[in-house]
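Structures follow.
In the two complexes that follow, chain A is the common piece, with chain B as its partner first and chain C second.
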Partner chain A sequence: MWSRWSVEIKRLAIALMLAAACLAATRPRYGGTLRVEIHESPSSPEIFGVPKGFILTTWEAGRRAIFTADDNAPGGRPFLDNVEIQLGRALRDQSVDLELGKTDVVELGAAELRRQAPGRRVWPSSPVRLMALVFGPRIGDARVREALALAVDRNAIHSVLLQKQGEISGALLPEWITGYAFVFSATADLAKAQALVAAIPPVDRSLTLAADDPANRGIADRIQLNARDAHLNVSVVPPTANPDVRLVETRIAFADAAHALAGVAIALGLSDPPPARNPQEQYQAERALLDGFRVIPLFHLPVVYGAGPRVQGGPVITPLGEWRFDSLWVEERP
Partner chain B sequence: MIAAVKGWHAVSAALLFFSASAGAADDPGGAAKELARKTTAFAGRGAAVAIVWRNLSSLDSAANQARAAFEDALQQAGLRTGDLAPLVEAKVTLSEDASQYLLVEEASKGDEHQVWISAWKRVEPASTPSGGLTLEKKLVWEQPEPILDVAFPPAGMLVLSPSGVTLYARNGAQWQSQRTVLLTPAKPWPADLRGHLRLRGAGFQALLPGLECDGTADPSLSAECHASEEPWVLESGSRGLLLASFAAARNYFDGRITTQGGQRKNIPPFFSAASVESQGRTWWLLAATDGRIQVFDNALEPSGVSSAQWGSDIAGTDAHCGAGSQVLATRPGDRSQLDSIQAFNVSDRTPQPLTDPADFPGPVMALWTSGGSAATAVVKNLRSQQYSAYVVTVVCGN
Partner chain C sequence: MTFRTRLLLLFAVAVAAAVGMVELIVSSRARTAFENMEARRVNAIVAQFDKEFQRRGEEIVWTVEGIAESPVAREIAITPDPSAYLSEAGTLASTHRLDLLELVAGDGAIVSSAQWQARFGYKEDWLPAESDWQARPAFLKREDLPDSVALAMMAVRTVVAGDMKLYVAGGRILDREFIASLVAPEGMRVLLYRNLAPAFSPSDLIDAQGPIAAAVLLRPLVERVEKQASEAVETIGRGASAETFHALPLKGSANDVLGVLLVGNSRRDLVGLERAMLRTAVIVTVTGILMAIALGWWATARVTRPVRRLAESAGKVAAGNWGTTVAVSSKDEIGQLAGAFNRMTHELVEQRERLVQAERVAAWRELARRLAHELKNPLFPLQITVENMQRAREHYPEQFDEVFREGTSTLLAELTNLKQIVGRFSDFAKMPAPEMQSVNLNALVAETMRLFEAQLAKAGIRASAQLDPALRPVQADGEQLTRVLRNLILNAVDAMPEGGTLTVRTVAAGSGARLEVSDTGQGLTPEECDRLFTPYYTTKTHGTGLGLAIVQSVVSDHKGRISVESEKGKGTTFRIDLG
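Presenting the complex of A and B:
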C-alpha cells in the first residue's frame, strides 16, 4: 500500500513541476493594467480616438492617456481594467522600456525591429500605410511627374531605409486587398525618365519636395538624388514651405477594395472613383486615379507593435492596424 | 499612428449597392474561359498567342486547372498558343485577395496593352478523416455571429448566439431557419461570452451569465428567459454531473460547486470541467483559470495537478477506446493562432494522447460535451472570420 502511494506522490511531484512550467490558458483573464507607449503626441483626445470597449478617464496632453474598461461596452467589458498610454516617446526609448519591463506594448520602427530579442511577440498589421508622392497644382506638365515616377529607385529605399518592411508598390491599394497590385509598375526606368526630362524646358525641371513626417526626411533625400540622376532638380524643403511635391503617408482604413480606394482618393485629394462591381471595374477605377501621375505610390508599409511577456491574447492590432486592446489580457507571473 | 482615412461617407452609400464578387465565376475553369474569350477578341481568330503563367496565390492544383481551361478555350476559338511569332503576348497571374481568387491577364499586342481580371470565390477544403482511432469532425453550422453552443433536439438544430436562440429544421441537405427567440440581457454581455444549451426531452435550457432560458423546440420554438444566478449543469458524458456557479459578467465558473452527491464546495475558479474514468475510479479534471489542469476525486476533493498541457476548454466523452475513457482538450495558445482538439486517455492522472490532433482553421471558442462520444466545438475561422460549429466524435478503431 505504502509503495503504491509513494509512486503516486512521485508522479504527482513530476506532474506539478511540468504544470508549473506551462501555465498556458486559452481563455482570457480579467483585470490588470496594460502599459503602452507611442511616439505620437496628439494635441487633444478627440484626435487620439478611444479604443473599443474603453472610456477615457485621464488625459494629460503630451504626457499620457488612461482608458478604463467600460462595464457597459457594446460587445462586452474588456478583460483589462485599464490601458495607460504614454505619449511622445521616441521609438528607441520605447524599445529600451520594453526590454526593461517598464512597458508592455510599444511601436517598432524599421531599426527597432532588427534589434528585437528572440521570442518577442511582434504584431505587424497588413501593409496599410500607403507612402506616396503627391503633386501640387503647380506641376502641370505630366512629363515631369512621370519622369519623377520613373526615376525613384524604390528597391534601394526599401532595402536600406525601410529595412525591407512592407512592400514596394506602384498601386494605391496593396496586393492583399485587391490581388492585382502587381499590375501597376513600380520599376525604375532611368533612361526613359531622362528622355522625358530632355523634352521639358529647363525652367520646368526644378521642383520642391517635402516630407510630411520628419521621420521620412531620409527617404525624401534619397528621392532627391534619384531625381538628379534623371536630370530633374529637386530641392527638399520643410513641409511648411508649400512644396510642389509632398511625401505623404495615409492609412488605408478599409479591407474591401471599393471603400479603401474611395478613402485613399479622399485623403490624397483625388476625384471620387466610380463604384465597382467586380475586380475588373475596381482595377479600372484605380488605374484612372493614377493616370496623369498626380500621385506616385511608393510603398505599402505595416504598422508594427511589440509586446512584453505579460501580454496575452491579441493580436494588439487588426490587419488594418486598429488597436484591439479589448482582445488582450495580462498575466501576472510570480 | 496615422489618422485613418475618414470622410468616406459620401461614397459609402453608393458602394453598398455593389458587391466585389458580382460577376465572379464559379471555379478556375470558368474564370479562365472568361479571360480566353477576351483574349480571342483582342487577338483575332487564328492568331498566335504566347502565354506566360505565374502563381502568386496559395493554390496549387487549381493553377493547373485554370491553365488547361484557358489554353483549351483559346484553341477551341482557333487561336494558336506558342512562342513562335506571337501576335499577342499574355502574362497570366493567379492571385488572391481575402475573399476571391483572381486570374489577372496582362495582354500586349504591339503598343496596345490590356489588363483583364476574372475571379472566383474561395471555398474551404473539406477535411478527410484518416483510418484507425480518430477524431471525426463534422461541420454542422456556420454564421458571422458568434456561436455559443449548438444542440440537436428532435425538431432540428438549436443555435445559441449572443443575440438569441434559433431553431433550424432540415430541408433536404439544408438547414432552414424556423424561429428565433431573442435574448435581452439587462446589461451588455461580457467579453468572451459563454453560453450552454442543455436538452431535456423536447425542451431545452439555455444558460448564459446572469440569464437562464427554458423553452421547447416542439411544436415550435418558444422560450422564457429570466435573470438567474442559478448554477449551470455541467455534464461529462453520462458519468459526471456537476452544478457550478458561473461568475456574472465574466468568462469562468467562480468555484462554487455542488457535487452529484449534493455536497456544496468551494474550489478554485475554472473555465471547464470533464470527468474521466481511470482504473475504475472517476476523476474530475478542471481547467483552472491559472492555466493548470487541477485533478479532483469524485467527491471533488483536490487530488493534485495534472501534467496536461492543455488549453482552457476540455470535455469528457462516453467513448471507451481501450482502458478508461477519453477527454477532449484544446491546446494551449491564444486566439490569434490555429487550434486543435485532441483526445486523451488519463491514466494515474497523466494524460496519454489517443488520437492525432484534429486541426481547426482558428481558435476553439467553446467546447461542450454533447452526449455519447461527441462534443460540440465552436471555432472562429481566422480567414473567413465566420464562426463554425463542429460535432467532434471519438471513433474507436479496430
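Presenting the complex of A and C:
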C-alpha cells in the first residue's frame, strides 16, 4: 500500500515540478534588448513617438534610435532593458532579417504578409494609415483629377496588391472612426473617366506620379495602368522628380474624428477644417476637403507588425498602431 | 598629223581597247563570282538564323512546359484566390531565365506577369481564343511592356486541373543579345528591325551593339518588306561604304510582319577588287601603250622611212630638182611606190628637157617674129624710099635731088629707128647685175615723178605721191629702180589716154618696202594679167613688149616680188615688195 502511495507521490511531485518549470518558462523576465526595424526614417526624435515606459537615450538620425527602460515609469518598469530601433529599413529587408533572427519585431507589408511562415505572430492595428493621391498645383484642371479618381480600380489593388488588408475608401477618415466613410464613393467608373478626358486638351492629359514610399511602387504602376485605360498619360517617376501627383501615406493619430481630420488635413497640405460639433458638420468638413479632387483617398490600411520567436508577451501595438513595448520581454533560447 | 603619229595612235588605241575589254570581262566575272559568294554567305546566315531561331524556340517551349508541369503552376490553377501569386511569374521567370512570363487564368485574366506586374486582372483574350496550345511551337509576338514594346519569341502551354485551366505564356525578347549569337563572317553584319511602332522607328533597328547609326537609310527597304511581306534586296550607299542588304520578313502567328532580319554584306571587298583590277588595268594599259609606242616607233620607222624619203624626194622635185630619185630597198608596196616615183621623176626630167627645147624653139621663133615685125616696119619705108629714088632718077631727073634729099633723110630716120630697135634688144640681152647701195625710195620716187610732171600734165593725168615717212632706206640699185619706176609710169600713162590719176605709193613693210603704182585706166583682164610679164607681150599698138619683162627681171635681181591687181574699167595697180 505504502509503495503504491509512494509511486503516486513521486508522480505528483514530477507533475508539480513540470508545472513549475512550465510556469517559470512563461513568466515575464526582466532584461534584454528588443531589436526593432521600421521603414520610416524620421528626421527628428520629436516626430518619433517615445514608447510608453521608455526614454530616448540614443538618436542617430536616419539610422537608429535606442530607448532605455524608465525605472520610474508610471505603470512600473518595463521588462525590457532596451529597445533598439533601426530606421529606414525596407520592408522586404525587414522580413529577411526577421527570418534570419537578426531582429525581433518588424513591420509587415502586404507582400511580406503573403510570405510569412506559418505560426508567425502578427499584430495588426485598426486601419490607421490613409493611402491617397495628392495633386500638386500644376494640375489645375479639376477634370483631370476627377478622371484619375474615377479611373483607379481600388478593388483590384485591394484584393491583390494589398492582399485585402485594410479597407477601400473614398473618405479621409476610416469607417471605424466616423461611421460615414461609406458615403464617399470609391467606385471606379472608367466610361465617365474617359468622357472627362475626352474633353481635356491632349497636352493636359499627361502627368507624372510618384510614390513617396518605394514599397508602394506597385500600386503606383497599377494606377498608371488604370489611368492609361482612361486615356490619361501617367508616368511613374521618382519622388525627387517634383511629380504632379504623389501617392502618399499618412498616419491617423487620433481616434477622435475632429482631431483626426485636422491631422490628416495638415499632413496632406489641405486647409484646416472648421471645428465640428456633430457628425453632420464633421461630414460636411470632410466633404469640403475632398471637393475639387485635390486629394483622392484610396485605402485605409492597418499597421502590421510581426515578431520573431524570441519575443514574448504582447501585443506589440495598440489599435491605433502605437507601440506597446512595455508589455514585451525577450526569451533567450539556447 | 603624220602617218607615223597616226600609226602610233592606232597602236595605242588598240592596246588600250584590248586591255579595257579584258578588264571589263574580268571585272564582270569577278562581280558575278562575288555576288554568288555573297548569296551563299547570306544563305548561310539565314540558315544559321533559322537554326538559332528554332533552337531558341524549342528551348522556350521546353522551359514553358517545365513551368506548366511544375507543382506551383498546378497550385495556381486550382486556387480560388490567385492574388497571393501576384509575384510568382517574376520568380518563375527569374528562375527559368525567361524575359517574359505570364500566368493567365482560364478566362484570360492575368494572374501574374513577370514583365508587367501591375497588369494583373487584365485580360489576354488571345490565349483562350486558341483551343490547343500544347502542340504549338514558339512564335513571334509583339509584347507590351510598362515603358515600351518588345519583340519576343513566345510559347504557351496550358495547365488543366479538373475544370480549372491556367495558361503559361513565356518567352524571351529578341534583342541585341540574340543578334550577337549569330556569327557573321567578316564583312557581313546582321541587323534586326523590330516592328514595334506604327511607323518606322530608327531605334528599333539594332545590331549586336544596340541601335545602329544611320538607320534611316534602311527605312525604304524595311518598309518595302513590311508592305510586301516578302524578301527584298537593296544596296545602300556608294563606293567602298556601300552595303547590300538582304531583308527577310519575320512573321507572327497571324502572318503579320513583326520584324525584319537584315543581312548586310559590305561591298568593300568587291570595290577593292574592282579598284585593284582597275589599277592593274591602268598599269597594263600604260605599259602596253608605252610598249606599243616603242614597238610602233620601231615598226613605223621601218614602214615610214621609205615613205619619208619618198616625201623628201617629192619635196625636192617640187623645189625644182626634178632629177631626184629614191633608193628602192624592197619589193613591197613601198618599193613599188619608190619605183613609180623614180619613173615619174625620170619622165619629168625628160619632159622638162623636151619642154625647154620646145620653149627655146618657140622663143627663137617669137624672137624671130618680133625681129621680123620690128625690122619689117622700118625696112618697108627704106624699100619705098629707095624705089622712089630709083623712079625719080629714071623718070623725074629734075626732081631727083629733092627726092634724094627727102629720101636720104627718111633713110637716116629709119636707120636710126632700126638702131634703136636693135639697141633695145641689146639692152634686154645685156641686163647688168644690180649694184646694191642704200637707196631712199621716197626720194627716188619724188625725183622720178618730177621728171614726168610735164608729160603727165599734157596727158591730163593728175599725179599723186603718197610716201610713207617711216620708210627706211633699202638696199637696191637706184638706177635700175628708177628705170622700173619709169617703165611703170609710162605704162600707166599709156593706160590712161583720156587722162586720169596716177598714184605712186611707198609703204614701210617690216624691214623692207613696198612700192605701188596705180592708174585709173582701162584695166586688164585676168588673162592679160597672167601674161603681162612675158617678154614681147604687149597690149599696146606700139612697143616691144619688153618693158614689164625688164621690170620683172630687175625686181627679181633685187630678190623682190612684183604683182599686179587690175579690174577691167577701173584701173591697175603694180605692187613691188623689196626685202
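Operating definition for what follows: the second predicted complex is superposed on the first by the 253 of 334 C-alpha atoms of A that agree within 3 Å, B and C clash if a C-alpha of one lies under 4 Å from a C-alpha of the other, contacts with A are read in each partner's own complex, and residues count from 1 in each chain.
The definition used in the following text is that a contact is a pair of C-beta atoms (placed from the backbone, for glycine too) under 8 Å apart; a residue touches a chain by one contact, two chains touch by 3 or more.
Quick caveat, the model's predicted, so the values are computed rather than measured.
A simple residue count on chain A separates chain B from chain C, and the partner touching more is B. Legend: residue contacts after superposition of the two complexes on their common chain; A:161 is shown touching chain C, with no touch to chain B.
Contacts of A:114 after superposition on the shared chain: chain C is touched, whereas chain B is not. Shared-chain residue A:218: touches chain C; no touch with chain B. By the document's definition of touching, of the two partners only chain B reaches A:30; chain C does not. After overlaying the two complexes on the shared chain, residue contacts for A:40 are found with chain B alone; chain C is out of touch.
Of all the residues in chain A, the ones that touch chain C in their complex are 111, 114, 153, 156, 159-161, 163-164, 218, 221-222, 224-225. Contact residues on chain C toward chain A in their complex (touch as defined above): 83-84, 86-87, 116-122, 146. Across the complex, chain A is touched by residues 1-8, 10-12, 14-15, 17-24, 56, 93, 95-98, 100-102, 104, 106, 115-119, 187-193, 249-252, 271, 287, 289-293, 304-309, 311-313, 330-336, 339, 348-350, 363-364 of chain B. Within the complex formed with chain B, the chain A residues making contact are 8, 11-12, 14-16, 18-19, 22-30, 38, 40, 47, 53, 71-79, 107, 129, 175-180, 182-183, 249-259, 262-264, 266-267, 272-273, 275-280, 282-283, 287, 303, 312-315, 320, 322, 326-327.
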